[in-house]
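Listed next: structures, encoded as structure tokens.
Two complexes are shown next, each including chain A; its partner changes from chain B in the first to chain C in the second.
Let's look at the complex of A and B:
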């Protein structure tokens, strides 16, 4: 224990180690933030994206901070609801039928067109849904009939082909905002309106509407092709990556250590068998085995963790530890400990382990990012955990959907930056620990 | 120089005995197949009484350390009988074996290597006590200070929290000795305890061991290369050659009147009156030490022996003959 505390104290003398610790600390902080603000079940649900949780979020939106760059002024999403209603009337027509009229207005001041437009109805009825007639009002006084339809399903304005044809072949979200007199297709800035005329056919029927004008930017991290806020995956990727990396590193280091210790300690055929298995295991390719397991058995991150640990029990590290163990085993103090009755267990853990700590600790720290990368690679290969939002899965989605071809650089940039920071942080701390524990390296 | 045992005349009870003790290391290929065995100890018998010392001398590789380890239970004998403190040690289970080991102190050759470098002196001395669960914490603390005082590492405070590398070789060996007596053993095995120390501290260390022996009436098995100290340090001596005892007797009998041709050759190179000069076996007698993997037939010394009886020595292994009372020689010259 003391040796660890000393090591941490010494780390303070290495600026790179401090930087590494800050990175690791930030990642840990991020993990806690993620787990506290988005509980596990919530994160899973969000990432599965069922029940239209992302309905009002734009698709493939860039992060909001791109607007900080000069010359970029991408529209944000705005939602018009009952608060934006400027006039409203209700008129009973007899026979339980009512006619309502609502008008909502908003200011549009962007240089870019919105990405998409949808109208969501919030109607109550027993059998007959309300009927609506929608009119678009432009700042220059034109009135465009949008549609006449039943208010029982969202009206995806952008997908309305008839409307597109009517306004000159432009996509509705462009055509409705375009300046009709400009040479190029540019948005007309000013006050727009939506006139809703609705008929309610039942006594207790009511109707509310929400107009969502999807922007081109969203949140700190942007969104993906399924409208999911990437922030969920970026945040939740941290605790998953760290947990996975840590557990895998503990499993790999501890099991390698224990197997090497057992082989050296019991010698004879035990050692021979361990060496033999190790030699065979070393030539077994890890990745293809993982792919086979992922394809035919399970893609669960915990199954992968188990397989990785199982495969690395007999890894090349055995030979390194074996050589060191053999050297330590021959020390007279081990013989002395046996002479005064120390058990095998005590000798391995209290007499041999302390001599190995200097090698074990840096190796352990460096194994963490290796495992994080391995997990990300698996995800990119399509073997990511089916439920969990991870950095690797974001990268995989980005790759499959041609993010870079489409210019969605942020989609690739943020998760890879996080992965690289993780690697960098642990590597910097690991190298510093290596120097502290094995001072001879310092000269060379 | 050193007082002879104060208990002379009182016939102490037999503390330790070995009968026809054999320790063989099996050489295996791939950990499975036996390809031969190194017979490092091959038919050794002796007895040791309380308060007495037996010195075992022999050239390098003759099996002295292996004999020590077999006595300590660190090597399992292939054959033979071991008795300690009236108890037969063969066939003990692991737990009994452990408690047996803890009753024999072990002093090693290399004091620095014998101490775990990452433990303080306090921890090093507490380890045997903790492992064998002797008493409460307070008692352990007291015992640690007690033994440090006994090996004259005083004031205790100056040493107790030090790591081995902060001590001199002599001090390290004192810690090793303290550890060997912390369990209050009755027998101490000292395997070349001074050969790696500076000449200036060798005598001190031997005197310390001798003093502890008198204070606690310990049996001591003292293994050495160095004959110069034997006369004053030890009552008995056994000359080991090729995994067997060549000659075994009182120290005085052997140094003054060696019988075995090997012992004779060994001592003849040295002026008789000054055994202090007998420090090495390097040149005498000429020839190779025997291989323990394929030992010579008959007497193991016969390829080097000047008195060889052809047709007997190179065929039959000599028995141990009692040339005089308490003086046994494994040589056909003394057959009766």
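Let's look at the complex of A and C:
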């Protein structure tokens, strides 16, 4: 314990270590925020995207903050519902048939077109769904007939080919907002309207509509090809990466360390066996085996964790620790312990291991980012955890869907930045610890 | 002395040989999922046979009861042809024998570009691509790092030294990670270099143009490998040289007034040669496996990609073939290093066993 407190005090002398600690602190804070605001099961559900949770979120939207850059003014998503209705009338036509008229209005002030438009109906009926007639009203007074249809399924305005043909071959979300007199295709800013004329055929029938105009920006982190808010994955990536990195690093470094000590202390055949197993283990190719496990058995992140640890117990690090323990084994205090009859167990765990903990700590801290990147590497190969959102999986999605080619840089840059921050944070602290605990490396 | 060295070499050879046997056998077990891959293969055979039967006019007309035995017979015949009728445990040992005698056999799904199923040919076809990439990158990395480290250890504490040391944490990220950034900058934004692949398509006819195209495609992956490892390599070599140049005999040489180059050559590099050789040897054999992810990101047709493709297709013979060659290379290197150390380094006490390999 005293070693740790001393170490932390000394760390304060290294600016890079302080920066590293701040990064690690931020990541831990992020993890707690993620776990508290989005519970585990909720995160999995969101990332699976079941029940259409992302239906009203645009695809591949840039983060909102890109609008802060000069010259960029991308539209946000807006949803018009019953609150935006400016006029409304209900007229019984007899025979249980009613005619309703609703008019929604909104201001559009962006320099770019929306990405997509959909109209969702919320209709109650027993047998005959209401019938609607839709008219688009532009700021310059034109009226465009959108469609006439039954209100039983969402109307995907952007996918309406007939409409596109009618408005000059432009995609509906472009054509409906385009300025008809401009030379280039630019949006006309001003107040738009949607006129809905509906016929209800049943006594208890009712009709509500919601117009979703999908923007080109969403949230702090943007969205991916499945309309998922990347913020979920970026936030949840932190606790997963830290937990995985920490557990893997503990498993990998501590087990190797203890086994090296046991081998050295008992010597003879125990040592020989340990060294021989290590030789076998070095021959086994770690990454291919992980890929085999991922492809053939299970892609669960915790199974991978177990395999990584199992493969790293007898790693080449044993040879390094062995050399150090051999020196310690001959030290007088160990002789003394032996003389007063300390048990083997006691000598290994109370006398030998603590002596080398200073060597272990920097190695441990630097193993964490290595493991975080290993998880990301597996994810990039398509072997990420099937349920959990991780940074690596976001990168993989971005890569597979050609994010770089399509210009969705945020999709690659945000998870990369977090991975890099994690790597740098732990590595900076690790190097500083190395210099503190191994004075031979200390600068002037 | 001669007898002791001989006995030591023999013991080492046996121990390493056994390690190869066990390591390769474990790989065979894992790559076959302890026999489960055979079930997958049998299912594939059944599907193929069933489709074949249904494509046959006369057989399709048969009633179900008569058709089933025909399918079963055909499946059994095919399984026997592929040796799948013997229990997995028995076959696993014959696999082991084949693998150890480097009789790599034939792939189940993969073929070489020339169309061969021979694993030896498939591996040999991929080897040049991996070697071109990793030999260039690793040699650059190795000699560049040692050269810079020597230079820094002379100017230790200078601004340059501090800058490079401060950059060491960047090596926490693997090469494919930097590869993505390099592609973003040089292929997407600047459009100077290709996204990936080894040569442009279709491959140029003349040798010179081919080489130029290859070089152009190599720049980004090589840069990614070098960037991801150079700073940590410089850092560790520099620390290593610093420790060794604070030895008394170096101080003595300085006191004698020798030039700094002479001191480095005779008193720093020479005693540190064994670890340098070890590192170099491991770097060389490390090329065999290539880098699975880097090759995937850059679409580089090397051994790493091959291994990944083989795993995705459950093509166990290819996996085992690649691993057994690697195991032999590794163990031979370990063995040679052992012998070289035992002969060259006076500090190595043969037979005592208490030393770092």
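Following the convention adopted for this analysis, the second predicted complex is superposed on the first by the 442 of 444 C-alpha atoms of A that agree within 3 Å, B and C clash if a C-alpha of one lies under 4 Å from a C-alpha of the other, contacts with A are read in each partner's own complex, and residues count from 1 in each chain.
Throughout what follows, contacts are C-beta pairs under 8 Å (C-beta built on N, C-alpha and C of every residue); 3 or more make two chains touch, one makes a residue touch a chain.
Computed from a predicted structure; not experimentally measured.
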> When the two structures are laid over each other on chain A, do chain B and chain C clash or fit?
Replying inline: fit
> A:262 contacts which: chain B (first), chain C (second), both, neither?
Replying inline: neither
>> Tell me which partner touches more residues of chain A in the superposed arrangement, chain B or chain C.
In response: C
> Between chain B (first) and chain C (second), which, if any, makes contact with A:322: first, second, both or neither?
Replying inline: second
> Thinking of the overlay built on chain A, is A:377 touched by chain B (first), by chain C (second), by both, or by neither?
Replying inline: second
> Which partner does A:428 contact after superposing on A: first (chain B), second (chain C), both, neither?
Replying inline: second
>> With both complexes overlaid on chain A, does A:284 touch chain B (first), chain C (second), both or neither?
In response: second
> In whole Å, what is the nearest CA distance you get between chain B and chain C after the fit?
Replying inline: 7
> Considering each complex separately, which residues of chain A are in contact with chain B in the first and with chain C in the second?
Replying inline: 271-272
> Can you name the residues of chain B that touch chain A in the complex?
Replying inline: 28, 30-32, 69, 72-74, 98-99, 101-102, 104, 106, 108-110, 113-118, 127-128, 131-132, 176, 179, 183
>> Going by the contact rule set out above, which residues of chain A touch chain B in the complex?
In response: 3, 267-273, 331-333, 335-343, 346, 351, 354-355
> Considering the complex alone, what residue numbers of chain C touch chain A?
Replying inline: 15-16, 18-20, 22-24, 26-27, 30-31, 33, 36-37, 156-157, 162, 165-166, 168-174, 176-177, 180-181, 183-184, 187-188, 235, 239, 242-243, 289, 292-293, 296-297, 307-308, 311-312, 314, 319, 322-323, 326-327, 330-331, 334, 353-357
> For chain A, which residues count as touching chain C in their complex?
Replying inline: 16, 20, 271-272, 276, 279-285, 287-289, 291-293, 295-297, 319-320, 322-323, 326, 366, 369-370, 373, 376-377, 380-381, 395, 399, 404-405, 409, 412, 416, 419-420, 423-424, 426-428, 430-431, 440-441, 443-444
